[in-house]
Amino acid sequence: MMKPIRVGILGATGAVGQRFIQLLVGNPWFEITALAASERSVGKPYGRACRWLLSADCPPSVREMIVQPTEPGLDCEIVFSALPSSAAREVEERFAAAGYGVLSNASTHRMDPDVPLLIPEVNPEHLQLLEVQRQKRGWTKGFIVTDPNCSTVGLTLALKPLHDAFGIRRVLVTTMQALSGAGYPGVPSLDILDNVIPYIPNEEDKLVHEPRKLLGTFSAAKGEIIPAEISISPTCNRVATRDGHLEVVSVEFERKPSVEEVIAAWEGFRSLPCRLECPSAVEPTIIVRREPDRPQPRTDRDAGQGMAITVGRVRPCEVLDIKFVVLSHNTIRGAAGGSILNAELMLAQGMLP
Amino acid sequence: MMKPIRVGILGATGAVGQRFIQLLVGNPWFEITALAASERSVGKPYGRACRWLLSADCPPSVREMIVQPTEPGLDCEIVFSALPSSAAREVEERFAAAGYGVLSNASTHRMDPDVPLLIPEVNPEHLQLLEVQRQKRGWTKGFIVTDPNCSTVGLTLALKPLHDAFGIRRVLVTTMQALSGAGYPGVPSLDILDNVIPYIPNEEDKLVHEPRKLLGTFSAAKGEIIPAEISISPTCNRVATRDGHLEVVSVEFERKPSVEEVIAAWEGFRSLPCRLECPSAVEPTIIVRREPDRPQPRTDRDAGQGMAITVGRVRPCEVLDIKFVVLSHNTIRGAAGGSILNAELMLAQGMLP
Amino acid sequence: MMKPIRVGILGATGAVGQRFIQLLVGNPWFEITALAASERSVGKPYGRACRWLLSADCPPSVREMIVQPTEPGLDCEIVFSALPSSAAREVEERFAAAGYGVLSNASTHRMDPDVPLLIPEVNPEHLQLLEVQRQKRGWTKGFIVTDPNCSTVGLTLALKPLHDAFGIRRVLVTTMQALSGAGYPGVPSLDILDNVIPYIPNEEDKLVHEPRKLLGTFSAAKGEIIPAEISISPTCNRVATRDGHLEVVSVEFERKPSVEEVIAAWEGFRSLPCRLECPSAVEPTIIVRREPDRPQPRTDRDAGQGMAITVGRVRPCEVLDIKFVVLSHNTIRGAAGGSILNAELMLAQGMLP
Amino acid sequence: MMKPIRVGILGATGAVGQRFIQLLVGNPWFEITALAASERSVGKPYGRACRWLLSADCPPSVREMIVQPTEPGLDCEIVFSALPSSAAREVEERFAAAGYGVLSNASTHRMDPDVPLLIPEVNPEHLQLLEVQRQKRGWTKGFIVTDPNCSTVGLTLALKPLHDAFGIRRVLVTTMQALSGAGYPGVPSLDILDNVIPYIPNEEDKLVHEPRKLLGTFSAAKGEIIPAEISISPTCNRVATRDGHLEVVSVEFERKPSVEEVIAAWEGFRSLPCRLECPSAVEPTIIVRREPDRPQPRTDRDAGQGMAITVGRVRPCEVLDIKFVVLSHNTIRGAAGGSILNAELMLAQGMLP
């Protein structure tokens, strides 16, 4: 058994930072050795600096760790970044330049041409971009690898086997997204009790572009990702669920599959991180439900410890070809858990120090 | 001032029956003279037979009325039917045969070729079907006129001016429907707290077919409605709101309009029931909101006393042509209020006794 | 018909400020002539400065009014203060010193010995304190009159006729308070979905002291209020309701009444503001429900346009004497509506300019 | 390692029946060998007979078990009864007469003088009643042991160490109870969204009497339980939480303790089932939180796998002596888990076959 990699968490006191801690405690490949947060928290024991939001108590092993400033100098090899996008640009680059591997959950660098936007089950080969990144930015050891927006992950995982098998042309997606996706304090209760908000700032733009990059191909010649030629039309809504983004999807294909062929493509899906025995990878990654009323956020979001996605209601679309519903846990699969799996994939492939 | 028409309510103790009462009390054209319900309630004063669900108390004027059996013999000219679909077929026909005008909110007869499915602002000319109906069924005075499903109304009202102006080819619609649409007791709280249910039994089929009939044309020669040639792909979801169905819509047109032209079509929309000064008609019928996050169920469902619909988020669709969001009050505009407006339109046109 | 009094609103853009506007528009005795708010809003039309939270739209009559700084110089005779407590102390005194009548909803001055804490139906005679106030503070025309905390109002109104009739010794009260009581943005949705928070900062202390002052007697000799000798033990909880504070109350009396005598005391209650025909006064002020499961926030909070309180579940207490449940609308009866009724009472008694 | 006891579940398809299954799967002392339910389900595989309500899927090990009629003849030594009270009286007695040990969650037999009402941490000595029971009823091997109502358990566990140390005289308790306490379908969503229901049928009576029996003493001479002389005044409310009953409690003592003494009594509490190493027993059973706003249903209901209770907000009461808040998981600690712990206690003491 190898020695665990030492990891730090940036933005450790926020909602996503807490998920990182919850998921990393007990992960056999990583050990939390540094927690960084904003000035207000620096110097305090984590247990006091942080208002713990998740059901269980703050894990004892981090409660007494002293929160440090968000500056290189942290005692770790890699950092998971749960920084807000505004802070992420400069800080993440500074860490990478200082030799840290940065696994970022922020949106800032996702669409940078030399930064891998990674879902390990979807596009592991995009990690080849790191060579381009290091050359271009002059980094020797550090790097930035990002995971997609929480609403992108479920959709793209569901589309991946279908795109491989049948070729996707056009996608219409309407989301019903959970409150935790807005962070904390996030959505005021007066805004959402007995209500739906049919708008999430900046969200739809991500759903238009991120899946195209994720499903694109790495061109070694050009040293860049050629985006998939897929048109995506999203509408994003906030609903009164705690966790779990539900997405209603209609797809038009190049080669029209039957409902059975779509289901077969999902059920036959096997992923690299599972083959590499990454601790956070689950099999099946894509769970197909045949009940007429599933998946539902409350019953299905925790499937595969929150790392699986669940699809259901697969049926012909009267306008495009096939329609279905997909659910993913937005703060596990769609945020902290996804970043951790990114790190695991890199470690399993010998790409971490 | 004419004498009000005497009306009865079938299924008076249920959720929709209560809305009929709430809306009819104070309506200057109608007077409630009979309340009918199932055997369990017959013979009791309405105030004791009924568990009143709406915010205010049961109106004093009906509290002491004795609930009667659901049989012809009621002291009234027309009946509003809030019967469950299972009971509606036989009962409604019996009332019509006995000479009552039946304004039905049940789904049973909606797609019958000789029964008008009516939204007064959309297809008032379909009332010409009544002549066919009387001939075919041998009714002399009685008739059946239906209003559409609660999720159909908002969509079809929004589509009407666009179909007239630009011709609609294909529609993708994802609904987020309120709890009151399932009646009472309806959805168990354990099923919907912190949850979304991506399925409503029998709902999507109605959204496929009803708008096609509503937007179709009456052929005097054939004595029937020629349905509009529109493909509609619906997905229906139940969310934790009390009232107000929110629908996310993408439309493909024959003649592609700009966003501004779509808005102009809505804002220029004038309706027959308003010109006829029907008491339940509102102007504007279609309210356009320009804020990025409207309409919302809680803030917009009561617009125009629940008889207006509200559209917003109008923008180009990356896959079809235009996308937008529409909200309508499901138990007022989408049920009792719609039926009452149907009756008002008929009265204003001299089609009631 | 007299000319309406010209009124301003301090803190006009907040949640309580909006209620003031909603309730004052259409009030025959008052006319809104000034809206003041924090620097961020000053100089903007109110409709753009304010994110309107209530169901209906912002009333057209105030939408174009320009928001002014919170400084004397406003064009009005009296101001309603919806200021946060922190800001209220200095600002309200400045307005009173400048000759404005200040009707305050802030907690700051409530317990000042020379400031009336007023519920018009409970202690109108406490307005005699104003003479003391003017002498002590050297104000000639201006004054400060406060209304109680939102959780105090329902309790105290329910206790008033019982205290008069039977003498109250001890009160145990457990509240379930609505989200709007915390203002906006207030309670994060992640904190309250599927949850109850058994703590509201600073709330219980108010429930201990304010009813004692309200039920106390004005001593002309001492120029002060002698508090009622009542022990009150409160526990305050936040629950997921929009409006309406529900309170479970047990009372010990000096002269033990029967359940019927308690109900008779409530049903016989007549109030001064009703006799004076104040526009916001309602009769009955105290509604008694006999159903086993009433009052409930959703069904009863709007009784009497939100100005009545509703009591129910009256029964013997196994530990003290009588227990019951009381509900009041926290932002109407318990805030803006209460302040407006205070002003109406003063106007009806010739105590406003 | 001994061989597990074979157990059956009566009412296996209901909400509490499902919790029994969820908790018993993996319990090292018991093995599910029979599932019984109403006629509608008999003969079907459990996985199809049952609409699984809990988050995770129905456990695979029971999915294929055939549901049997609720009649003696089940292949097991003891049965856990999740029957509705109406059905429980006759059925449970028939099973006991046939030699089965019956661990009941129904209310029917709780107050029978010869039936132990048992919380293993509170009154294990009450099991001596079983000898009386067998003599009186002529049962040779079978028995009935009950667990208390879900709202009784948390309160009584919290009171137990205080009663032992300081003597309890009077208790005022106001509950805020979760939806799952009403079973399934239970509370209609339209009744509880944006609402509180201040009434739960038959609930308060149980809170008056059950704690007195639980805290009473077994008199060997009389062969009965002498109830504790405690007056309890309950008010029970239903709120929109999924699981976890929150109770606000005020207590009057014979010997008045300080807040610190109360906390010390709780923190010093050690229980028999823990000493006996019962698998479902947890240490601490009573968790004391010192934050001002804890316990909360969502964050604390799963403490100790739902078998611990959490107390907080301990402070002097202005009317009685001490007040506090207590939370317990109503379907684990307050129902299925409590019954299982009862069986474990009996097994550990050699009282099961």
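So that you can tell them apart, the chains are marked A, B, C and D in the order they are listed, and the count of residues begins at 1 in each.
Quick note on the criterion: contacts are C-beta pairs under 8 Å (C-beta built on N, C-alpha and C of every residue); 3 or more make two chains touch, one makes a residue touch a chain.
For clarity, every value in this text was computed on a predicted model and none was experimentally measured.
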- prompt: Where the contacts of chain A and chain B overlap, which chains show up?
  reply: C, D
Query: Since chain C and chain D share one sequence, what rotation angle in degrees maps the C-alpha trace of one onto the other, as a multiple of 5?
result: 180
Geometric centre distance via CA averages, chain D-chain C, whole Å: 43
Centre-of-Cα separation between chain D and chain A, whole angstrom: 41
Task: Let me have the rounded angstrom distance from the C-alpha centre of chain A over to the C-alpha centre of chain C, please.
output: 48
Query: Residue numbers in chain A touching 2 or more other chains?
result: 193-194, 240-242, 298-299
Task: Note which residues of chain D are touching chain C in the complex, please.
output: 170-172, 174, 176, 193-199, 201, 208, 231-233, 235, 237, 239-242, 246, 248, 250, 252, 292-299, 312-313, 317-320, 323, 325
Query: Contact residues on chain B for chain C in the complex?
result: 55-56, 193-194, 298-299, 302
Touching residues (chain side chain D, partner chain B) in the complex: 53, 179-180, 184-194, 240-242
